[in-house]
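Below is one structure. I have some questions about it.
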Amino acid sequence: MITDTGIVVAFYVIGITTVASALMVAAVRDLIHAVLFLVLSFVGVAGIYVVLSADFVAVAQILIYAGAISVLLVFAVMLTPAGDRRNSETAFRAPAAVLAGLVLAVTVFVIYDTNWRIASHGQFGATAASLGRAFFKPYIVPFEVASVLLVAAMVGAIALTQEEGEDGAA
Amino acid sequence: MPALLTLITHNWYDIRDLSNLSGKIEQLIRDANGPGWLVFVVSALLGAAGIVSFIGVAAIINIWIERRVVGRMQSRLGPNRAGPFGLLQPVADAMKLMQKEVLQPKVADGLVFSLAPIAFTVPGILVMAVLPWGRNMALANVDAGVIFILALTSLGALAVFAGGYGSNNKYALFGAMRVIAMLVTYEIPSVLALLGLVLFSGTMNLSGIVLFQAKYWTPLLLVQPLPFIIYFISSSAELNRTPADLAEAESEIAGGYHVEYSGMKFGLFYAAELINAVSVSAIIATVFLGGWWFYKLDEVVPGWMIFIGKIYAVYFLFVWTRGTLPRFRIDQLLAFAWKWMTPMAFLNLVLVAAEVLIWNETGVSAGLVLPLYAVINTAFAGALIVAWVKVMGPKFSRFPERLRYYSQIDVPSLPAVAPRMDEGAPGLTEGRSA
Amino acid sequence: MPLKSEPVEVNIGPQHPSTHGVFRMVATIDGERITDVRMVVGYLHRSMEKLAEERTYTQNIPFTDRMDYLSAINSNLGYCLAVEKLAGIEVPERATVLRVIFSELQRIASHCMATGAFINDCGAWQTPVMYTFRDREKVLDLIEMTCGARITTNYIRIGGVAFDIPDEFLPALDRLVNDDLPQRFDEYDRLLVGNEIILMRARDVGVVTPELAINASLSGPMLRSAGIAWDLRKADPYCDYDTYAFDIPVGYNGDSYDRMVIRIEEMKQSLRIIRQAVHRLTGGPHKTEVPLALRPPEGEAYARIESPKGELGFYVVSDGGPAPYRWHVRAPSLINLSVLKEMTVGQTIADAIVTLGSIDINVGEVDR
Amino acid sequence: MPHPATVTLAGAVVAERIRGALPGAVREAADGYTVLDPARMYEAMAFIRDDEVLDGKYLVQLCSVDQVTRIDVVYHIASLAQNHIFEVKVPADHEHPEVASVAPLWVGATLQEREAYDLMGVRFAGHPNLTRLFLWDQFPGHPLRKDFLALPGGQKPGLSQFPKQVPGQTGGEFRPRLPGSGE
Amino acid sequence: MPPDLLLAAIRLEHVLVLGALLFSIGILIALSKRNAVGVLMGVELMLNAVNVTLIAFARFVVSPRPLDGQVFAIFVITVAAAEAAVALALAVAVYRHRETVNIDEIDLLRW
C-alpha cells in the first residue's frame, strides 16, 4: 500500500499514458507510428517499475526495450516491402477483441477475488547490488542458461538472414 | 581555518555546494508546515531550473567556442563581427533561426516530422540530471546511474531515425538508416568501456564513482586509459561528430537526416547536437576525470566550477577531432567498431576483473596498487593497439611508394584494346589490395 | 535468394555541395552500392563556339578566361598559341618567359583549389580547403598585381602579353616562391599525404587502368596517375619548355589517392620552373604589334598545352576573314569524364563523390 | 623511341600507309590532313588504331566543321609511344550528315560524338546512346550549323553588320516547336 | 468492489489490473494484425504486461526473498530480447522467400 500522494498521482498518470499508447499501437494506421507508440508504452512501463521501486529493472527495460528491441522492429519494418506498411487488420479483428475482453474479465475477477497476503516491508532501497548477489547466489544456473540462450538466438538470427552469396567473407 | 573563512563556509550562502541553498528553502517550507509533496516539487523545480539554465547558456557558448576554435585551427579568425569577439554571433544565429519560417514538405509524415527534434533533445538534458555537480549536488542520485546514461543515449537513435524517416526524402532516409546502424553498433563498445570502470570502482552510482576517485586521489583516466579511448571514439560516433559524422555528411548526402528541416526545428536539431556533446563530455568528465573533485581544490573553489572546467576541457577534444579529421566511410566505421573496439573492450574487461580480484583478495594498500595498475593498464593498452594494427591493419602498404619522377616522357607499349575492367586488368602494380 | 531491394535513383544533382559547379550525376543505387551512373551536363552551356564565330580573334580571348575559370591564363595561352601558329606570328623572348611564369603560377592556384576541394569531399570539415585557399590567395595577389584581375585575367594576347610586370612584382614573386610556398607544400605533405583516413578513403577508389586511360584519351593527372609518363610540356614543348629542367610525377595504381599526391608534387615542380624562368627575364618588348582585326591566311591550326586539368587544345579554322570560321576547344574536363561510369559503378555513393573530386572537373570547361 | 618533340605526320604519309592495307579507303591526301571515304571509314579507323607504324591508340580530339556544301568530321589521332600526331577528315552530306561512330574503337569518343550530334546534327551510326549532351531534347535545330538563325535571304552571318532589328530575325526557327514536330 | 478503489493509495490490485489491461491489448494486437512485425509487437506488449505483474508481486506480496520478482522480470526481459531477434529474423527470411510478410498469405508449412 503506497500512500504518499506524489507517487500515487505519478502512478495513475503513467498508467493511463501507457495503456493509451498501447491502444494507439492497435489503432494507428502506419506501422512506423505503431512502433513509435510501442516505444512510448515501453518507457511508460519503465515508469511504473520506478513507482514500484524497481529502479534497476526500469533502467534495464529502457536500455533493452526502448533502445534495442525498438531498433530491431524499425529494421524489420524497413527491410520488409513498403507496400505492407499499412497497419491493417485481418479478418480475426472482432473475435480477437472478444477474446481479449474475456481474458480481461477473468483476470480482473481473479485479482479481486483472491485475498493476497500483503507484505509489510515498504520501499526497497537500491536494488542493483542485491539483484547482483541474487543472480550469483540462488539464480546462478538460470543466469548461465540465459547467456547460452542469447548466444543461440544471435547465431540463429544471423543464420536465418544470411544470403547464399555471403559466406561471411569481409 | 581563519575566522573569516569559517564565516562563509557551511552556511546556507556557501556557494561551494548549492545543495545548502536548496536545503535552506526546503527548511523554510517545512517550518511553514507546507504539504509534504510541495517540498518534493520545489526541490525538483530548483534542480531542473539550474540544469536547464546551464544547458541553455552552454549550448550558446559552445556554438561560439566551436566556431572560434575550429576557425583558429583553419588559420582564420572565426566570428568576430557580432558583439565583442563575436560573442553575440550564436545569439544572432538563434534569433535568425527563430524567425525563419518552418517548412514542412507536403509528403512528410507530420506527427513524426515535428516530434523528432524534441525527442532528440530530451535524452541529452535528462543525462545531466544524474551527474553529480557538487559534493551532494546530484539532482537525481540514481543508484544505477551508469546504466541510466547508456539507456538515454540509445534513445537518441530512435529520435534521429524518426526525423530522417519523417521527412520522406531520399537523402534523409540515407542519413536515418546510417544513424541507426551506427548508433546500435557503437553502443556495445561504450557499454563495455563504462563497465570496466564500474567494475573497478565497485558502484554504478555516479557520485559513488567520483567519491572513489576522491578517496584514492587518482582520476580513473590514469588507471584505465584504454576505456577512455574506446568511450571517446564510440561517443563521438554516437554524437555524429567528425570523424564519424556520417548521418549528416554534407559532402555526400547533403545534410542527412535534417536536410528537410528549417527554422526552429532545425535550430532544435542543431542545439540538440551541442547539448548531447555537452552531456557526453560531462559524463567523460565525471567518470574519467573525477567530476567536481580536484586534489583539495574543491574545498576552496566551488565543486561545480571545477566540473564545468573539465566539461570544456573534454569538449575541446571533440572540437579538435572535428577540426582536423576527414570522415570514415560507413562500412569502414562499422568494421572498426566490430573488429577493433568491441574485442579490445572485452579484453580490457577481463584484465580489469583480474586486477580487482587481486586487489580485493590480497587487500594490498591502495597507495602501492593503484600506480602499479596504472602502469600495467597503460602498457597493456599500448601493446594491444599496436598488435591489433599489425594483425588487422589495412592491407595496402602503410606509407605509399613515393611517386616516380621522369625527366622525359615514357609511354609503355600497351594493348590497344582495354581489357574488360572486371577481368582484373593487370595494372602496373601487382601489389593491388584485395 | 538475394535481398529484395528495388533500385533507387538518386540525383547527385546540380545543387550539391561537392559537384564543383552545376554538374548532375544520376546514380541508380542498390543499398549503398551504385549500379549505374548517368551524367547530365549542359547547365552552364553558353555556346562559346558559336559566339566566337561572330567576333575577331582578339575579341575571343575573354571567352577563354571564362571557360576554365580556375586556370584562365593557361586557356588564354592555348588559344593565342593556336592563332600565332595559324598566322605565323613570332613572340618576343621576354613575352615567352612571362607566359611561362604566369601559366605556372596559375597551375599552382588551380591545383591548390583541386587538392582542397578533394579533401573536403573526403569529409574533412573545410580545414584543408582553408589552408589551400590561403596559399591560393597569395598567388592570386601576384596575378592581380600585373593583370589587374584575379580570376578572368585576359592577360595573354596574340603576339605576347598584355602588360609588362610592375617593379614590385619580382621581389614579391621571389618572396613567395623561395621562402613561403615551399614550407606550405611540405606542410601539405605532412598534413595530407600521410593521413591514414584519407589513405583509407581514397586508396583504390576510382581506379583507371593504363590501357583504359589511353583508350579513353584521358590527360593530365588522370593519365599520369595510371602510370603513363606523358606531359605536353615535355612531349610537345611550347614556349621553350624543353629548356627548363623539371620532372613529371607519375603514380602507380591510377586511383584517387595517386591523383591527389600527383597534384601536390606538380605544384612543387611548378615552383622549380618559376625559379629558373625568373633568371631568364631579359629586356625587350613584351609583345609584338598585331593589327586589331587580324586576318590570318586561310587554313586551320591545332595547338595544345598542358593545362592543370589535362590537354587543352584549340582547333581554329580560318577563311581569311576577321572572325574565325570555326573555333573548337578540346576540353580536358569533358573528356576525362568519359570513364566516370567505369570508375564509379560498383562502389558506394561516398566513393563516387571522392572519385568525382579527384577527377577535378571544371563545369565551365565541360559545358563551354 | 619517341620523338623529342611531337611530329605532325604529313597527309601523304598517312594516306600511303592506309592505301597499302585498304586500297579504296582514302579519297584525297592534302599536306596537313587525309580525307577518308565515308563508306569505308570504320575499317580505316580500326586499321589506324591497330597499325604498328601509325599506332593511333590515342584519339586526341574529334569535332565537326560546317563547310556549307558539306560537313567535315575532323579527327586528330596521336600515338603517345612514338609521340606523333596526324589529322583525318571524313566528309558527310550537309543536310543529313551520317558517319560511322568510332566509340567502339575509342571510349574517349563517346562524349565528343554526342557533342557533335548535339551542336552540329551529325548522326553517328553505332553510338551507344546518341542523345543531346548540352541542350534539352526538344531544342529545335543544331546551333553550330551555319544556316542556324539564318536570315530570310540566307545571308551568311558574319561581322558585316549583323542586322539588329530585322523583324523576322528572332522570330525564325528559334521558337521551340512542339515535340514530335520533327527537326 | 471496495470503495477505496481509486483513492489516494496504490494497492496490489491496481497494478495487477494495469498488467491485465496491457496483456489484453497485447492479445488484441497479436491476433488481429496482418503484418508479421505487428504480431511481434503484440507479443512484446504481452511480455511487458507479465513483467509489470511480476514487479508488483515483488513489491507487495509476502515472500522469503522479496527480490525474486525482479530477478524473474530481468530473465523475462532477456528472453523477450532473444525472442524478438529470432522472430524478426524469421520475418525477414520469410519475406525474402515469399515476397510478403502478410500473415494471411504465409499459411503453408513448406512451399
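Per-chain residue numbering starts at 1, and chain names A, B, C, D and E are given in the order in which the chains are listed.
Methods note: a residue touches a chain if its C-beta (ideal position, glycine included) is under 8 Å from a C-beta of that chain, and two chains touch if they have at least 3 such contacts.
Predicted, not measured: the structure shown is a model, and the values here were computed from it.
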{"item": "Between chain A and chain E, the fewest steps along chains that touch one another", "value": "1"}
{"item": "Shared interface partners, meaning chains that touch chain C and chain D", "value": "B"}
{"item": "From chain B, the most remote chain by mean C-alpha position", "value": "D"}
{"item": "Most centrally placed chain - per-chain CA mean versus overall CA mean", "value": "B"}
{"item": "Most remote chain, CA-based centroid, reference being chain C", "value": "E"}
{"item": "Chains most often in contact, by C-beta pairs", "value": "A-E"}
{"item": "Rounded Å distance between chain B and chain C, as computed from the means of their C-alpha atoms", "value": "43"}
{"item": "Averaged-CA centre spacing for the pair chain D and chain A, given as whole angstrom", "value": "72"}
{"item": "Mean-CA-position distance for chain E and chain D (Å)", "value": "74"}
{"item": "Length of the line joining the C-alpha centres of chain A and chain C, rounded to whole Å", "value": "62"}
{"item": "Residue numbers of chain C (touch at least two other chains)", "value": "1, 3-4, 212, 214-216, 228, 230, 235"}
{"item": "Shared-contact residues (touching 2 or more other chains) in chain D", "value": "2, 57, 80, 83, 107"}
{"item": "Junction residues of chain E - those touching two or more other chains", "value": "95-96, 99"}
{"item": "Residue ranges of chain B touching chain D (in the complex, touch as defined)", "value": "409, 411-414, 416, 418"}
{"item": "List of chain E residues in touch with chain A within their complex", "value": "1, 8-18, 20-29, 31-38, 40-41, 44-45, 48, 51-52, 55-56, 58-63, 65-68, 70-71, 73-75, 77-86, 88-93, 95-96, 99-104"}
{"item": "Chain A residues touching chain E - in the complex, by the definition given at the top", "value": "1-3, 5, 7-8, 11, 15, 18-19, 22-23, 25-26, 31, 34-35, 38, 41-42, 45, 48-49, 51-54, 56-57, 60-61, 64-65, 68-69, 72-73, 75-77, 79-81, 84-85, 87-90, 92-93, 95-97, 99-101, 103-104, 107-108, 111-112, 116-119, 121, 124, 127, 130-131, 134-135, 138-139, 142, 146, 149-150, 152-154, 156-158, 160-161"}
{"item": "Complex contact set, residues of chain D against chain C", "value": "2, 4-6, 32, 57-61, 63, 65-66, 74, 76, 80, 83, 87, 106-112, 115, 119, 132-136, 143-144, 148, 157-159, 162"}
{"item": "Footprint of chain B on chain C - complex, ascending", "value": "8, 10, 16-18, 32, 119-127, 130-131, 134, 193-201, 203-204, 207, 209-212, 214-216, 226-231, 234-235, 245, 247-254, 257-258, 261-262, 265, 342, 348-351, 353"}
